[in-house]
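In the part that follows, the structures are each spelled out as structure tokens.
Below, chain A partners chain B and then partners chain C, in two separate complexes.
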Partner chain A sequence: MNWWRFVVANEIRKILAFRSDFWVTFLGQTLVLILIARALWQSIFAANNTEVMEGFTLPMMTLYYIIVPIGNKILTGENVGFLAREIYDGSFNRYLVYPISFFQYKTLTYLTHSVFYALQLVLIYLLFNFFTPEGITLNLLANLAAGVSVFIFASYVFCMLAMAIELISLWADNIWSLMVMVRFFVYFLGGSYMPLNFFPDWAEKILNYTPFPYLVSLPIRTTMGLASSSEIQQGLILLLSWAILFHLMAKLLWHKGESRYSGVGI
Partner chain B sequence: MKRYLRLYLYFLQFSFSKAMEFRVDFTFRILMDVIYFVVNILLFKVLFLHTDLIGGWTQEQMMVFVGSYLLVDSFNMTVFATNLWWFPSYINKGDLDYYLIRPVSPLFFLSLREFSANSLMNLLMSLAFFIYTLVSYSAPIGMGQLIGFILLLINGFLIYYCIQMLMVLPVFWTHSPRGFIDLFYSLGIAMERPDRIFKGWLRIFFTVVIPFSLIASYPAKYFIEGLDTAALIHVTLVSVTLWLVMLYVWKKALQSYSSASS
Partner chain C sequence: MIKVQNLTKTFVSHIKEPGLKGSLKALVKREKKTKEALKSINLEIKQGEIIGLIGANGAGKTTLVKILSGIVHPTSGEATVLGFKPWERQNEYRKQMSLIMGQKAQVWWDLPALDSFLLLKEIYQIPDKIYKNNIEFLADTLMVKDQLRTQVRKLSLGERMKIELMAALLHRPQVIFMDEPTIGLDLSSQRAVREFMKNYQKEFKPITILTSHYMEDIKELCPRVVIIKEGEFVFDGALSQIQRLLGDEKCLSVTTKENTFKVNVPRTELSTKTAEIFKTNEVLDLNIHDPSIEDVIESIMKHGMNPK
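And then the complex of A and B:
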């Protein structure tokens, strides 16, 4: 059964249902975020009268913020409350009659979004580098391929984390704000707001014990060619460990909470 | 006017009783807002570990600015944001009909019906932080300086509302689930940056076309270093124009509304 093909095709149709909105939002968000971040760093570099800060030049910083907005989309998708809302209003029922488990279905729909955004990253990244003096090199393509792979794996880990948290809605009425909190943590402590090199050393050390740097900073650094192969390998192993942990948490929550689901909403 | 005030009091009653239905979410939202504040403050604290000035402002001055935009944002989250979040669904499902037939301004009703009671704590916290940044400000503060600052911030609330509306109103034509509200929140980061970092056409964009810089950065600039007459005229002109444009688009949007079959 190629059920996954139907699921993927259906998700792509949903993503492209409102094309004008989709492209305006995508281009607007990406472009504006890059320009605002560049303006901020340009001002900081100028105030310090320097060309390098914490190993980043201004062009590197620009590249970093080109990856950030699309990277965030690859990682966290758009569907905060994607499971909690359905549990709340009872529309979760349909997954119980699907021929596949809702875990598989939800993961696949989530990853379809991630892959779609990853294609956008490839497009924008190549376009940007096309106009640089170095142009598009084989090395750059290899880094991009590695970075996109790490991003998609990170999005799988985030999906497991989101699933575990959203299943709390079997006990709580509405956990939308809990998911937003998780996003704040992931973005800030992961390195979406600024490269983690700018954090104090003690904070960086502590963060290495959390999944955040591996969800955001690692894929960005890999795409930019700043991460060594051993760093990537170690990061992937840690991501896998977190994925297993979150998956087990989600399974446990479902096992414990399944009997609480009434089928008519909460 | 009295009628509208009485109506708003009913909205408040309704919103508070609704918020108390979701007690866990109520608590989480307060926590969420605290984290949002902390993240915003920490962001600049970390940046100031590497520089003495951002957009020409010191850390102390920057905190006044941060306090200003957190206040604007929390006011918006408490008063307007929930209403405008659900706005597209009213149009797409045809529920707007119920608002159009009532004997009050539909714009008033749609923009203010849901007071986000769970964000009220957020508003109070941002107000406390805002006052703290002013109290701990080392330079002397004059009464005129303070009144001007507050008036410009109130103007900032309205600009923020107008821009948000202008991002939602295209739903009347596109019938998409959220309009350009995601774009609005992304663009909103411009409000959280001092206007002086923007140069050239980007500056024109954020001070005239989509004037996010006038919301908190100009008021803070007025407080910190003063604004010349030209800048004050600029703020007034852009604000009035934006308000008129929003009302014009709203009228055009209503004309194109085709009820439940939208």
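And then the complex of A and C:
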């Protein structure tokens, strides 16, 4: 399995291949996010003339909305269409010719991107807390480590889900809209657009039977230190169950699709 | 050895009428169209042999290459390559096989070639010493030593093709499928790739299937030729046999004031036809010669084995 190491190394080289893109993504976006989140929620809290909204203070809400976009990037790793695009343009053929498992290869490249974005999260999180009155504490570092771990695991689960859906393009040429729809549902029902505390109780209860809150809300809440250890443990077990289910789905669709694959491309 | 028996491949595609009306109709109901890309073909290729697979666009060349390289499943029939069923994609088979597609890059565009090669070294589990020797041999022979550290996307088309060749041959495959490896290359790059493949074939003796639209590739590299027309093999034999297929014909190359054209004429009608051409055209030049290999193949591709 030495090739795993080289796949990861190659993927890192690809990320670092474009200097300006790297710095804009890594630092530029981060600073812009802090400024926008702060300005937006400062106005909302002022307009409502309150200091706490659904249990969130202004600094907490700002932090939540700083974590969300980076968290979404961790979750979607190599980005939507990471497999469907290659099937569509024919570059997918290389995984069928090389003596390796394409499942392993694509999972590795996906997770490499997730880890890269996780580093971005670490940086921004530390930067944000450095300027708070409490500063960077051991407890905060522990929350950050736990949050990043949950994020990476959630990203693996989302990778399995994305793989299962994108493999449909082995016989249905274009599934772009389906992927966009799935991403929208994950973001909306997972708590990317607003914390799940803002949802009605009945909706929250129903959502707990879906993977969405564990993909988005759980890792964010863990990072912010808002999730209890039992909540994290239970969440991880549920994520594992979803991962197994999506993995089986992906395998099933692969067996259905590979015999119908025509290998055409641009 | 490659052995193909009654291999058939059928593709199903959807038909859409042109225009907005057609697009709206296709949203509700789509018509299917079935195309037989390969029709019960048979083929045997021995170790060390190189064959040229030629045919018009859409004749089924690439489909056959894709089946034998394991990318696509056949609809029916059997095929074994080195004793393996290609579409089962066993790693023991894939480690001994290589696919080069002139129109599709296999190496990673955003990385220098050496980075891609390092990954391929691990994927194919090539020992350090053999890897170093192969890199040196291939880079020297293909004259791309200075290009190995440049991002592949920044290389010229010819240089990229040479890099693709290196990537495909790093693990010394026993079976090589080359799908139009010289497409789009300038004449000197075409010549360089051809020369390289000629020497490589001589030295390492892999089984090679080459598809190309350039007759120079076929003439230089392939003693045996298979011509495919609409999914069927219409000729399988030595290249030298091809010219004999039109043995009773002569080719007239005519240049008139208006244009230049070629016409194949039975020997018995040569004088009548020549006189007719002189009568109906203002002829500037006229040559009578045996049909070239290109002429014969073009004729076979158009008319099958009864070329006219």
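The definition used in the following text is that the second predicted complex is superposed on the first by the 246 of 266 C-alpha atoms of A that agree within 3 Å, B and C clash if a C-alpha of one lies under 4 Å from a C-alpha of the other, contacts with A are read in each partner's own complex, and residues count from 1 in each chain.
Just so we're on the same page, a residue touches a chain if its C-beta (ideal position, glycine included) is under 8 Å from a C-beta of that chain, and two chains touch if they have at least 3 such contacts.
Not measured: the values here are computed from a predicted model.
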(request) Mind working out whether A:L123 is in touch with chain B, chain C, both or neither, as first, second, both or neither? (result) neither
(request) Check whether A:P69 is in contact with chain B, with chain C, with both or with neither, and answer first, second, both or neither. (result) first
(request) In the three-chain superposition, say which chain, chain B or chain C, touches more residues of chain A. (result) B
(message) Under the stated touch criterion, which partner chain does A:A145 make contact with: chain B (first), chain C (second), both, or neither?
(response) neither
(request) Would you check which partner chain A:L248 touches, where first means chain B only, second means chain C only, and both and neither mean what they say? (result) neither
(message) Quick one: is A:V7 in contact with chain B, with chain C, with both, or with neither? Answer first, second, both or neither.
(response) second
(message) Between chain B and chain C, whom does A:V52 touch in the aligned arrangement: first, second, both, or neither?
(response) neither
(message) So chain A touches chain B in one structure and chain C in the other; where do those two contact lists coincide?
(response) 18
(message) Under the stated contact criterion, what part of chain A meets chain C in this complex?
(response) 2-3, 5-7, 10, 13-14, 17-18, 90-91, 93-94, 96-100, 258-259, 261-263, 265
(request) Show which residues of chain A lie in contact with chain B when the two form their complex. (result) 18, 20-21, 24-25, 28-29, 32-33, 35-36, 39-40, 42-44, 47-48, 53-54, 69, 78, 172-178, 180-181, 184-185, 188, 193-194, 198-200
(message) Under the stated contact criterion, what part of chain C meets chain A in this complex?
(response) 11, 66, 69-73, 89, 91, 94-95, 97-99, 101, 104-106, 108, 110-111, 115-116, 118-124, 151
(request) Going by the contact rule at the top, pick out the chain B residues touching chain A in the complex. (result) 21-25, 28-29, 31-32, 35-36, 39, 42-43, 46-47, 49-55, 174-180, 182-183, 186-187, 189-190, 193, 196-199, 202
